[in-house]
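Here you go, one structure.
Each chain carries a letter (A, B and C) given by its place in the written order, and its residues are counted from 1.
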């Protein structure tokens, strides 16, 4: 499975990865797991939508924002491990949805992100998911996503490489 | 320790595991860790209680909802690994409590879940815990729980099986 | 790198670790990862600041609270593994900031925690970070922090010990 081709064929392109930040980083690897920072739906470094579900924003707008955040997250992963094809599985996705106290369709918003992951990654994209309401998010973002992703072990890759050189 | 017997002797029964969902799944395994989706206190697929702590619901009702969510989570784990006895330890429990802005007893609500885990699993049930207030939760649920659980490694199990066949 | 000396030279001292609790514990280890409980900015077992950002508290007060919570978290880690020098890297930091619905500078508050971690741990302190708004937090705390930390493997430590005894 070539996930990069799949992404293209779905009509998506990855944004450039975020620049390194002062005290924290977009992703930290521990063993075969990548722990991503909270990812906002930035486009060119700016939010194209702000506000809360249940107030300024429709579910469709929330779903679109969730998809943008996922593409940003995939860009972070690609910058870290070189290719989306190094992904073994999407382990966990949390979606924090900026919500008024009476908006209760966080799951519908989250589906924008979840469906995109499965479109790209098929079965390995089927993740554990957490959809939550947040009273407010940084920069008044409508959504913020977190991901834990399992990637191919470096040891396994080295083994493959070794066997490639065996005649 | 037979955790399944312990659960029964405490008067609890596990609900049926949730049906597979479209784009996400109840649990993903990575190595020896199970990452569970956010679990709501559903009974027969429906919420028996809705609303917020500090408004419609008492602490006792919140604790009961937290216990129901834990039983749902344990059902997910059993469906994944075959038996609760495969659990090595409960690693992390997060409890999101739907709260008015002035309700500050999330820890008391969370104790409903934490105490049940220790009643069932004794020392391996003593978990890292996060209790948080949420402005609102999906479907107006009073609580949503997340769990990370360590299970016995498949390699270890295979070793046990091999030695079983050694005379 | 001696992280304990660094901490001292920065003028910080670790508080005593929290006492063991009934049903949950301050930290659980799984493999090389430490999963910490949600940590409040307690001083001597009490909150010195309460309330929300955007209402009673300034960003500077939120940053100070975040630093106090980090010191409490480091005390938990030291009690678990014996020394801060066993830390390989700070993997993930989540900061939940008690916020009014229109306070959107959670990242500025979180910088109080992130900057302190990098001051102490340099590059291995550069973590994946999640800053979120919470409608309210337990005990009316201004912030609550979660951490996942990678520590040196016990196997590696034993190897070091063995080689120490080799002449």
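Heads up, the rule we're going with is that contacts are C-beta pairs under 8 Å (C-beta built on N, C-alpha and C of every residue); 3 or more make two chains touch, one makes a residue touch a chain.
Since we're looking at a predicted model, the values are computed, not measured.
K.L.:
Fit subunit B to subunit C on CA atoms, both being copies of the same sequence, and give the resulting rotation angle in degrees, nearest 5.
P.N.:
120
K.L.:
Would you kindly state whether over half or under half of the residue numbers at the subunit A/subunit C interface are used by both copies, giving same or different?
P.N.:
Different, since most residue numbers here occur in only one copy.
K.L.:
Hey, how far is the Cα centre of subunit A from the one of subunit C, in Å?
P.N.:
Centre-to-centre distance between subunit A and subunit C: 25 Å.
K.L.:
Two or more other chains in contact with one residue: find those residues in subunit C.
P.N.:
31, 101, 134-135
K.L.:
In their complex, what parts of subunit C are in touch with subunit A?
P.N.:
Per the touch definition, subunit C meets subunit A at residues 31-33, 89-94, 99-107, 111, 114-115, 117-118, 125-135, 148, 150.
K.L.:
Report the residues of subunit B in contact with subunit A in the complex, numbered from low to high.
P.N.:
22-28, 30-31, 35-38, 52, 96, 98, 101, 134-140, 144, 146
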